[in-house]
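What follows is a set of structures for review.
In what follows, subunit A forms one complex with subunit B and a second complex with subunit C.
For the complex of A and B:
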């Protein structure tokens, strides 16, 4: 009984319920929804597809969780995703003008340079927010617009394509029967989770997000903490950018990751992290990203006319957010308190 | 209590916020044609009372009468329509609008749907010339000095055909001649029959302008006095109060007087903070800091904690000159500060008690030497028991603790870092008497164990009881030092009031 209460009172419980609700709804309308088949030694099915497609939002969301926990926002991560793709593909192509199955730059350098550029862009955001004191929305708005502009400069405003096979593995490959992006997302998650829960970083981020002044009085270098979280968000955008570009084998400066920053913010909020800053819920963010992708998937699966898809999605988001709102939680608490087998009775046990 | 001359009368005003009883049956009477100062230390209830009178807060009990009629202002706008206007410390105008627009915003002279700009500018000019201010009212507000802006704010306030004008700290950003000019206007308004409520921390200004003084302390009315019959020393005594009884068991640690100096300031100045302050904190000694708010006592502690940087002079730690660049640096050097504003600078409310306790130590350890969960729990348990923090367990949110327990929690955070210097800024403010005594005893225990302690408090009896030496601060400078043998409340009050012992 006690364990059940512990689970249901966890911040990650409501989004989990929402996710299961959406999946259940799908099963109800399409009994084959949960079927997973093995084709050519890989898992195939709707669930795998949702997981795979949620990866970019998930990775952006993981970085965004830390930023939001400090009370900030990073609007630039979608644009940085596009910029990273542009950097990677242009490095692979080098000066060659034809679709080349070779790379002009050593592959490891391509990866490292892309991640370095994205991290530096994140650091710039952090510098504007923490050192200069610009409001996060405004500060990151700069790279949100400029990032895509720089990406277009790099690609020459064309869709740069590449035919280098190893690059395709990042976004399209398979490993142990699962898509490679899922492993990359798991890697990023573990890395950040380690930083947050196994070092003092999480405590510092949460302290700064809840009360920056008190954190400073306690000897925490709030400026450094804030700059670091924006840098991590930039790094995450770099990873997501590699996956995205690899998936289409192309650097699309205008459309890659368009509005992804908003989905990432939504994933974080759905996951339970407060926009006011404070507690970090990394697992919640992952579930949030899955909710968004499951919603999108269901809308396509049920032949919602494309012109009404966004409205339907918005309506579904409103419902999910309502379920998580304090108003509804209070209501739930009151209902439970009235039931004979509810909270009150449970407390005695 | 009906006073025929009363313009605005508040009777038995009650106001509570969650956890705080801010006003306890407070009476206040403002008469026609008088300047009435409202005095009290921070948290005494001055601002709350003003906000109740102007409709910012609703009142929980009591009555407000305006010209004999019972009123209940619901918003500052409503109060202004009734004839009660207020000007706050920060200028509440729009710097990007013109002077005339600022004076008339929200009630522009209209002709149909159009603003009558000419008429508006003309009457704005007339209103200001009443104050002897002749400026171009079409220019934007921010092209004029803060003093002029302050006057414009007042002009705006009284233009709403006000009969009561409330000035909340109007002089804090003004220099001496500007204050003079403001007071001229206040006197003129007074002679026109207006009632003026004046709030300030500057004692001299209170005596220069006021007819009457009402003193509040801890949300209670201490009394209403004629300014002429109340000496400065009596006023300060009434503001600061004295509840000796509960704390009689506390008394200072004996000191030889030649213990090792742990930290010292030598002629230290910091911009907008302190000027030319020299002082020493010794091992196993409590040094009290006395002075009114803004006198520089908090600022001196901030300099020793690396929050403010000295522009001249030397900070020495055990004889070596050091530069304390940040709190982190100060903490590394075993200095701790319990800040004056516990909520703003101390408690991290959403974090657990455990996390709050280990925070400063963890910050000193850095990112990678993360204290193990088991050790965290042990530390939290140890300090909860040692300081008697009342909580069922260490995972409770710190924000849910009472004021006294929050103060103990911050002390615990510092004790965990094993400091050599403990700077306590108002450690007993806003907590109940029992917790006060506990905090004081604890402080003395720490002192006995060898800590050098700075004890900043507005509660003079506490300062007298605790300190081996008291430093008097006034107007950002150290004006005196009282040794243990000459220490009593009278001597401190005399020193704070600046030799005016009449």
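For the complex of A and C:
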């Protein structure tokens, strides 16, 4: 019983409930939604799609979780996603097209250059926030607009298409019957999780988020912590940008990652991380991203008229956020107290 | 003395006004253009065509990219009014919500030329002329091509399931391309649209939505996409589902961008209905006619073709977009 309580009182429990709620809704009203078959030697089905398509938001969200934990926001990550796609495809492209799949730049250079550009942009955000002291929303707003502009400059505002086969592996490949992006997301998650939970870095981030001055007085280099966090967010945008561009084999500077920063923030919030900062729930963010994509895919599966799709999505999000609200949590606590295995008197929330 | 001073003053005044008259005669025609954005290759080619044509004609072009947002475009239009431009060119991102700002333009007496898209404002007094493609006719062309193709391949009586990728919700081309297509296929009860969803004219959503269509478990014979970019994204989804695009699923696009020709040459797409973006020269002509005080017809269509898979490499290489 104690384990049950431990699970249900965990911060990631409400978002998990919401995710299962959406899936369950589909099971009853939309049979076939959960069917997974094997096509061309890999899994094939809606669930796999949800997992696969949630990856860009998930990776942006992981970076965003750290930024939000320091009490900031990174509005530029959607534009940086577009920028890194533009960098990658323009480096590969040379003269290659769908009909002529070749590259002029070694592939490893393409990847490293893209990630370096994205990380540097992130570092710039961190510099503005930590060193210059500009408010995070304003500081990252600069690259949110300029980043997309630079991306359009690189691509000449056209959809640069490429046909280079190794590049397609990143966003469309399969490994052990699962999509490659899922493994990349898992890699990024583990990397950040290790950094946050197995080193002191996570503690520093949370300390800075709760009270930057207090953290500074206790000997934490808050400036460095904040700059690192924004750089990680930039790096994440770079990885997500590679996946996004590879998925459509095209650098779409105008539409790639449009409004993704808001989806990433939503994923973080749905995952139970407070916008006030000071807490990191990486697992929650992953579930948050899955909730968003599960919702989107359900809307397609139910063939909701495009005119009303956004309303349906908004209504569902409101419900999920309500489930997590303190009011609902209190109510849940009271219900649990009435149950035979409910908490004993004096036990804390 | 006083008289002398007055004389000098009058002389100076005459000189200044003479100068300003001379400048006015030499003054460039100022054209404000509120573009939608750079959302597709088509739009970029359209922008380039307008820019080049205006430059060649020696206009002072004030070009504003609305980044697909109505509020940006409204702001641009208001700026044009304050700047007092001679003519405004405008491609509205969506059809509705322009009443107020267009009333302001009319009040300011600035001639308005609509390009490529339309608004839902009743009547045609609020603009001088509309230049662009007939989206309704594009939809009809796509429908007619499908009917002919089915008859040609001996499937004229078969039950055909069509899925549709719509453009941006509420945009002119999305509404008319849907209507035109439906108009033609409604006479053939065996042709049925089974699923329809918006892909927002982008590749990524074209792929994501098509992927969902394919998982519904219904047979899909035809994909009708409101633009080529969505079709190109959907082609990838079709391939990932283990099907052959253009064979298992017939792929119809609109716009005729270069990527569509490449896909057709690779045997992955069947047809694209042209929607020519090179409206610049026609736009310049209209501006010059307005400045010369000439009457203009309300509607000017651009000449457009249907390109099926049997296109030659020559056509592809000759494309500017």
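By our rule, the second predicted complex is superposed on the first by the 332 of 349 C-alpha atoms of A that agree within 3 Å, B and C clash if a C-alpha of one lies under 4 Å from a C-alpha of the other, contacts with A are read in each partner's own complex, and residues count from 1 in each chain.
One rule holds for everything that comes next: contacts are C-beta pairs under 8 Å (C-beta built on N, C-alpha and C of every residue); 3 or more make two chains touch, one makes a residue touch a chain.
No experiment lies behind these values; they were computed from the predicted model shown.
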{"item": "Clash or fit (per the criteria above) of subunit B with subunit C on subunit A", "value": "fit"}
{"item": "First, second, both or neither for A:119, with subunit B first and subunit C second", "value": "neither"}
{"item": "Partner chain(s) touched by A:309 [first = subunit B, second = subunit C, both, neither]", "value": "second"}
{"item": "First (subunit B), second (subunit C), both or neither touched by A:246", "value": "neither"}
{"item": "Partner, of subunit C and subunit B, that touches more residues belonging to subunit A", "value": "C"}
{"item": "Subunit B versus subunit C as contact partner of A:278, first or second or both or neither", "value": "first"}
{"item": "Partner chain(s) touched by A:90 [first = subunit B, second = subunit C, both, neither]", "value": "neither"}
{"item": "Touched partner set for A:211, first subunit B, second subunit C, both or neither", "value": "first"}
{"item": "Nearest-approach distance, in Å, of subunit C Cα atoms to those of subunit B in the combined model", "value": "26"}
{"item": "Contacting residues of subunit A [partner subunit B, same complex]", "value": "198-201, 203-204, 206-207, 210-211, 213-221, 278-279"}
{"item": "Touching residues (chain side subunit A, partner subunit C) in the complex", "value": "32, 35, 39-40, 44-46, 49, 53, 97-99, 152, 156-159, 161, 172, 244, 247-250, 252-256, 296-297, 300-301, 303, 306-307, 309"}
{"item": "Partner subunit A, residues of subunit C touching it in the complex", "value": "37-41, 44, 47, 67-68, 166, 169-170, 195-198, 200, 202-204, 207-209, 211-213, 215-217, 229, 232-233, 236, 240-242, 259, 262-263, 265-266"}
{"item": "Contacting residues of subunit B [partner subunit A, same complex]", "value": "307, 326-328, 330-332, 337, 339, 344-351, 355, 359-360, 362-371, 413"}
